[in-house]
Amino acid sequence: MDPPVAAGKATRLMTLADNETRDRFRHFLTIPTRWMDNDVYGHVNNVTYYSYFDTVINQYLVSEGGLDINQGEVIGIAAESLCRFQRAFTFPEVVQAGLRVSHIGNSSVRYEIGLFHEGEHDAAAAGYFVHVFVDRSSRTPVAIPAAIRAALTPLSIAD
Amino acid sequence: MDPPVAAGKATRLMTLADNETRDRFRHFLTIPTRWMDNDVYGHVNNVTYYSYFDTVINQYLVSEGGLDINQGEVIGIAAESLCRFQRAFTFPEVVQAGLRVSHIGNSSVRYEIGLFHEGEHDAAAAGYFVHVFVDRSSRTPVAIPAAIRAALTPLSIAD
Amino acid sequence: MDPPVAAGKATRLMTLADNETRDRFRHFLTIPTRWMDNDVYGHVNNVTYYSYFDTVINQYLVSEGGLDINQGEVIGIAAESLCRFQRAFTFPEVVQAGLRVSHIGNSSVRYEIGLFHEGEHDAAAAGYFVHVFVDRSSRTPVAIPAAIRAALTPLSIAD
Amino acid sequence: MDPPVAAGKATRLMTLADNETRDRFRHFLTIPTRWMDNDVYGHVNNVTYYSYFDTVINQYLVSEGGLDINQGEVIGIAAESLCRFQRAFTFPEVVQAGLRVSHIGNSSVRYEIGLFHEGEHDAAAAGYFVHVFVDRSSRTPVAIPAAIRAALTPLSIAD
């Protein structure tokens, strides 16, 4: 629904390193694991990592960018996401979710996220998440609201 | 599977007040909400409250009672739970989960939980959760391990 | 928020038997378990049973009672729920969720739910769920819409 | 943990088309949405799509490949996943999850998944999921068990 986002995949992937480290992220949120995050293999289920992703992103947008998830005319919806799983999280534990922005377009943003164990420099998991901002009713892409763009800019890393 | 737990329901219910307050709980855990906790009505889904319940309980058992959820021979499984929903939580927000113990039997424990908005004295939701401790393999009830019993005792309120 | 619902707890509890059976439910929905429903103990997490509860309820309200979860002026919100866990579900498996109505008030409904393994007569878990119908904006109780009341009536059992 | 999996990303991505269609999948599983799958925007949360992914995969491995998730010595853990979201799912609705295999290595498998609305030829979402098979205790990669390999082979598409 936002062709420029889909273009240039190879280029964009280059900003996600095989070994992500804590210093490459610009904002952090602490997310404690929950009992039910664990699956039958005794570690946090792969699906739940994506919940950490959209929690750090949306919490930032709400608190720093003024996103109004209940009433706002513009909302961000997921276009694409990816995660690489390297070392497991478990319950109980505190996940430190790092966030940066690798691309800001007219209506879309590509975030990159690293999930860290406490006290570790290397990410246990890392990935990206692309938001397209749309009109709440029509779900057609719109320009990123100015307040959100202003909040995202300090999270940018050089492409 | 643990008949004494099921008996005397009316009596046990009396320890859960219509209006629970912060001073009636003995241990607290901070649980931030997540983006996907919200449902289509813009507040945390009722199901997720129970995840806050078993998170505060199991985190306490692991950190204070030595529960080994991956390898231990004795595990606690849910026998019954209840929640009364009074005021909604939303995302983003921090839930303060209060825990106390209203009954310790031979193999079962009844916890009571209050969920509080930050800075509020009255619970936004409250309920109970009954654990039966069982052998991991046979799933038959066993006596509560001594370390867990010792950890639970300080959380008790007079019946 | 709906005092008549809270009154008479003892009476209402009497409609939930210690051993619920398939013949006591009026509507069934098939809910396959999902991989992540399982927790570290190799069975479906207690929290997830409540998701089966509100799924069978809301699916019925949408398909039979015309509930419009996205735009309707009246929505049903959870006031209280309870579950008794007797035999575990696991993944992969199909849960058969039985639904009946034990009380219809002016603005509230008490549903009772039984969760069954395929081919079994006795419930593996059973509980209740109380909905209060409210105005979507003000969240104050309103009369149950006529179409929903008409849909619920055939699910009633004698109190 | 399985270097050959990480290599050749560009090549592997080529098997996931921008517009995936029903005829390109070899196995289907029906997954009804649940009430809590919906998020505040009135559609299924992005995170939950990944739950559909690992449900169709693991259900197939259990029923066709003899994967024993509770006791087996070899388990499959997630190494990487991706999803492209094109059209939303909602509750209530039935998701038809299509599965194929685009790569079988010594210890790893790359699945591709398409999620379809009933009666639609084009996927509403599509992605991939890489499993690495490991020893349950040591979590080191092992050869894919023969029964699982035999079950996966009919799902393969030409690279």
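A, B, C and D are the chain letters, set down in written order, and residue numbers restart from 1 in every chain.
Everything that follows uses one rule, which is that contacts are C-beta pairs under 8 Å (C-beta built on N, C-alpha and C of every residue); 3 or more make two chains touch, one makes a residue touch a chain.
As the structure is a computational prediction, the values presented were derived from the model and not from experiment.
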Next on the checklist: On a CA-centroid basis, which chain has its centre farthest from chain C's?
Outcome noted: A
Next on the checklist: Between C-D and B-D, which chain pair is linked by the larger number of C-beta contacts?
Outcome noted: C-D
Checklist outcome for this item: Per the C-alpha centroid definition, the whole-Å distance linking chain B and chain C comes out as 22
Item to check | Centre distance in Å when chain B and chain D are each reduced to the mean of their C-alpha atoms | outcome: 35
Item to check | Separation of mean Cα positions, chain D and chain C [Å, integer] | outcome: 31
Item to check | Multi-chain contact sites of chain B, meaning residues that touch two or more partners | outcome: 35-36, 38, 40, 42, 45, 47-48, 51, 54, 69-70, 91
Checklist entry - Along chain C, where are the residues that touch chain A in the complex? => result 35-36, 38-40, 42, 45, 47-48, 91
Checklist entry - Which of the residues in chain B come into contact with chain C in the complex? => result 1, 6, 9-10, 13, 18, 40-41, 45-48, 50-51, 54, 69-70, 75, 77-86, 88, 136
Checklist entry - What does chain B use to touch chain A in their complex? => result 30-32, 34-36, 38, 42, 51-52, 54-55, 57-59, 62-63, 69-70, 91-92
